[in-house]
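Here subunit A shows up in two complexes: once beside subunit B, once beside subunit C.
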Partner chain A sequence: MTQFIEQIIFALMLSSTYALISVGFTLFFGAINIVHFSHGDVAMLGAFSGIIIYGLFRFMGSVPSWLITMVIFLLTFIIIGFLGTFFERTVIKPFRKSPLLMVLVATIALGIVIRESVRLFYPQGSNPQVFPKILPQVNYEIGRLLMRFDHLLIFLISFFLISFMFLFINRTKTGLAIRAISQDIEAANLMGINSDIIIAITFLIGSILAGLAGILIGSYQTVVRFDIGLMGGIKGFSAAVVGGLGNFYGAIVGSLILGFTESLSSAYIPGGAPYKDVFAFIIVIFFLVFKPSGILGRAAPIKI
Partner chain B sequence: MKTYKILFIVSLLISFGLLVIVSPTIFAAEKKLVKIGFIGPLTGPNAAVGLGARNGADLAIRQANERGDLPYKFELVVLDDASDPTTGVAVATKLCTDPMVAAATTHFNSPVGLATIHVFHRYGVPQMFWGGIHPDITNKYNYLEVTRICPNTLVEHANLAKFVVEKLEYKNWSIIYDMTSYGKSCLGAVKPAVTKAGAGILSEDGIAVGTVDFRPILSKIKAIKPSPQVIYFGGVVTEASLIKIQMSELGMKNLYTGVTGLDSETFNDTAKEAAEGTIIIGKAHIGESSPFVKAYKAAGYKEYYEATGPYAYEAVNLIIEAIKKSGPEDKKKLAKTIREMKYRGILGVTEFDEFGQTLSGGLTVKVSQDKKWVLWEDSEYAKGKRSIPGK
Partner chain C sequence: MKRKEIFEIIPFIFIETLFFTIAYLFLIFEKTYSILGILSGIILFSIFINKIPKLNFFLAKCFSEYKKLAIIYGIIFIIALPILLRNYPYQIFILFNAGLFALLALGLNWQIGSTNIVNFATGASFATGAYTTALLAIHLGWSFWILLPIGGLAAAGIGFILGLPCMKTKTYYLSLVTIAFTLIVYLLLNNLSWTGGPDGIADIPFPKIGNYSFDSTIRLLGLEIPFQANFYYLTVFLVALTFIVDRRLRYSRIGLAWNAIRNDEVAAECQGIDVTYSKVLSFSLNFFFDGIAGTLFAFCMSHISPESFTFNVSITVVAIVIVGGMDNAVGVILGALLMTLIPEKFQVFQNYRMLIFGFIILMMLLLRPKGLFPQTVRKYY
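Showing the complex of A and B:
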């Protein structure tokens, strides 16, 4: 029983790391109709910015750890927000009027550039880097069950970020403008919405979300490497597809399905651990074949 | 347009002329050039160990050229296999088709080695493994060209069982292994070694390389009754350190062991405090004050020499020694010479068995103490100041 509860907790944690990424995909697809394939790599940048900021703090001696944590979140917020806007300017904007495929290829290329830059320019970038323990390391023992406070925090912050995202898109004026653009960019322009600024804002928000997700994923995995964004991005994207690209609840449902499949198949299928990704992607393929719009997605005439 | 064309042709002619005039004078003054190949993972997940080995090989070449006691000028041809068998075969073919290449030292990853031995065999180029410890590399085909200067999995696991089961008396084992050919060969070697020494195996779990979340498997192992004393991992550092970190997260106090796949300071750097008390069969011990390390530091390489640098260094030195005996031209003779060598170097005495596998390789027992691999004899664990986990 203890083991089962433990497994459920691990599955939930894994799902929440996927959800953080897949909500980003949903934002980009639902709002401006693009699949931003370097989204996972932006999250990786967030994790590395966390490591670097923590490293800088270590030189300054005695700073309370809660302050370090706050500053890491805040600075990553700023750095990745800035980078995200920069990427939008250089990689996405020039292709505004081109076919969607061009943007797709451009973001894949951007992902490679980000990954390889980290690998080459970060000291010993090919090696896994330890992510600092920035969250309080407190354990609670309930019977034989070991509960970790930092895991709980990661889960709660993820929940908060995703809810915030949801409210932002649905309840604020900017959010409505983003959705208006996704429906008909020309009509939105005629209504006085500046699409350039709105798309830039979408990227700003999406990138910040990815950056903070990077910190949380780093904290959970304890180790990050230059290429975590690749698999993370694919998993996040798959989760969004399973749930229905463009639908917030769908992204969460998709992440839960993927996370639980992976976690439980490695725990309860004998010899299943090495094939957990296989099980997860079989589900993805199943959905692509039988329900391409995803669980909660609307049937759309064009999908990537 | 026309003037450009004429200019282009004239400049081409001039450069050709210069080449014809200059090149004989260059070559005449030089000793005969002999190339020695190096293949290893210089990019990708194992880049760190690959670069360490490359530097080791490079150091041996530099020293041979500085000594200048042979009528040859050596050159290291460095190629990257990126831990990928397909790439490995491509670069091995490129290397073997170069007639100037006398011999090569190759590969960290067994799957790559298992693919390229056939290439080296076909071209008859002597190939000495500085890494890659799958038994099949040497034993399955027993090609004359193929030798290995590092100990293979069978030798390593026999040592591991001898130490952990017989000396420390740990009887219940849980095994985790990665699904690569290296991980599977570890599984194939650890099971008979451990059971022969009198211990029992309670569970076996495979994992895919690149997995970052081992909590489901560990939680399963934690629930086994009676609980295992030892958790053994057959794989390499990245996954190994993650497993140890997550073990301590889950409050598991089993003894954690492995073989040379874990023997890199990257393990300690990654697992930090969690690494404490891990016991492994490690590669040869090369002290900080040894001539190799001094020369390595003096040469100013950017990367750490890792556990692999000394093996590549020894391999190139052994090849050069063999070339000294039988010359670089007849590669078959060279391969035979290598097999019959009895070479004394930084790893002690290297001799090959009938399969081309080194008999020694200088294996050690190491324990992680204060975030560093320490030789068992020198550790506080051996002296009884600290107690080993899992009892």
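Showing the complex of A and C:
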């Protein structure tokens, strides 16, 4: 029983980090019908910027650790937000009206460029890098139940970030503009919305969430490598698709399904740990084949 | 022969010889500067031809009039290439590699080029062919020539089973299914014990014809040609075969149906085309040729491991098709040559290969989104 609760907490934490990435996919797809395949690599960049900032702080001597954590989150917020918008301007904007295969391959190529740049230009980039312990390493024991405080904290931070994004989308004027664009971009333009800027803001938000997800993923995996973004991106995309591409709640439901499949299959299927991704992807394929519109998504009608 | 014809044929053959010489020099040069020089020479040459309309017109006219001559000359060059390159076995090996990618890309072209199906499962089908035949060869000792079609059929079977349910999905969803499938196959190969795990399968026997093993040097007229040439000729033969199959398919009802689906799926269905059947057919055929390529790869390398069948393979092949030109077999083959040779030639930047590769794709998509050889308007007959 205690093991089960531990697994549940772990699964929740895992799902919440997936959700941070998959919400980005849903955001971009909702806004301009584009799948940004290097989104996972943006998350990886977030993790690496966390490592670099931590390294800079170590040189400065004694700084309280909570301050370092705050600064890491803040600076990553700015850096990754800037980078994400930059990628949108340079790589995605030219393909806004071209066939989907072009966008797909362009963003995959962007992913290759990001990954290889980190591998080549980060010192010893092809080796796994130790991620600093920026979250408090405290364990609580409730009865026989061992609660890792950092796992709980990761879940809470993700939860907070996602709710914040929901509020932003649903309550602010910019959020209204984003929703307007996702319904009909031309009509939104006629209403005086500058769709260029709004799309850039969408990418800013999505990339910030992914970058912070990178920090959180790094702090529970304790090591990060240049290629974690590939798998992370595909998982996030899968979660968004399972839940229904373009639907925010769907992205969260999909992430929960994926996270729970992974953690439960590695815990309860004998010898299942190396195959946890296989189980996750089989579930993804099943969903795609039998319910392609996703759990909460609506099936797109065929237009003639 | 008339006087005029001679005046046309001789400069034409001269230009083609010039082109082949440049290609040959590109292959044997190893210094970065000389390769860059050759590359800029090629670019200048093509600009030069394009700038002078008379020359351009003359070449186009010659190509249409003396097509057979040009093709025969090209075939002679391709056959003679290993003899010219006999002191550069590694270059022959790279050409073999390019041929392998050309096989994969020709198969994929039926999907993303002709039918507009997004498919990132090339890595998986390639692996299916390679592993099936390698296991059969090791455990049962079957010969390469029996296994070549078996590898194709095994992959085609997988393609059929995967394709039947998947063709209900479209666009991004289909791309995700195929990506997930590639990752599943990679993870399974890495973790299962009977596929050798991360170490893969070693000591796959080389193909043999009678007593002649493919790892022995060719002795011809006192010349010694390195053993890589055997595989080169085999690959060239298979690429030529696939090219002919491509031609026959393209101008048959099947190719017509594929193109109709690409242009408008609903309209195609209204015309009485069985969309699901056509799509699954294109999927399975692609898997078949990928399986053959996988078999070739397994037997030529004699050692395979999951690292050769990652998602990167799928990306590379998709990039080749897009860079070469969708729905254009000649473009796809040239794209395969370019995309394998250029990263391979810059030995200095060996470490930067993937980075250069990514930049090439991005630049191509931004600057020439239709590919080097854009698809031509189909003649409906």
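Keep this in mind: the second predicted complex is superposed on the first by the 300 of 304 C-alpha atoms of A that agree within 3 Å, B and C clash if a C-alpha of one lies under 4 Å from a C-alpha of the other, contacts with A are read in each partner's own complex, and residues count from 1 in each chain.
Here is the rule we go by: contacts are C-beta pairs under 8 Å (C-beta built on N, C-alpha and C of every residue); 3 or more make two chains touch, one makes a residue touch a chain.
Remember, predicted model here, so these are calculated numbers, not experimental data.
Superposition of the two structures on subunit A shows subunit C clashing with subunit B. When the two complexes are overlaid, the chain among subunit B and subunit C that reaches more residues of subunit A is C.
Of the two partner chains placed around the shared chain by superposition, subunit B is the only one that A:I228 touches, whereas subunit C remains out of contact. Legend: residue contacts after superposition of the two complexes on their common chain; A:D277 is shown touching both subunit B and subunit C. In the superposition on chain A, contact of A:S62 is made with neither subunit B nor subunit C. Looking at the shared chain after the overlay, A:Q183 reaches neither subunit B nor subunit C. By the touch criterion defined above, A:L146 reaches subunit B but does not reach subunit C. With chain A as the common frame, the single stretch of subunit B that clashes into subunit C is 112-120; none of the other options in 22-30, 58-66, 112-120 or 148-156 do.
Under the contact criterion defined above, the residues of subunit A that touch both subunit B in one complex and subunit C in the other are 231, 274-275, 277.
Interface residues of subunit B facing subunit A in the complex, by the touch rule stated above, are 43-45, 47-48, 178-179, 205-208, 210-213, 215-217, 219-220, 222-223, 238, 241-242, 245-246, 249-251, 266, 269-270, 272. Those residues of subunit A that touch subunit B in the shared complex are 2-3, 6-7, 10-11, 14, 124, 126-128, 130, 139, 146, 148, 221-223, 225, 228, 231, 262-264, 266-267, 271, 273-277. Interface residues of subunit A facing subunit C in the complex, by the touch rule stated above, are 29, 35, 91, 94-95, 98, 100-102, 104-106, 108-113, 115-117, 120, 230-231, 234, 237-238, 241, 245, 274-275, 277-278, 281-282, 284-285, 288-289, 292, 302, 304. Residues 112, 116, 118, 165-166, 168-173, 175-177, 179-181, 183-184, 187-188, 190-191, 266, 311, 315, 318-319, 322, 351-352, 354-355, 357-359, 361-362, 365-366, 369 of subunit C touch subunit A in their complex.
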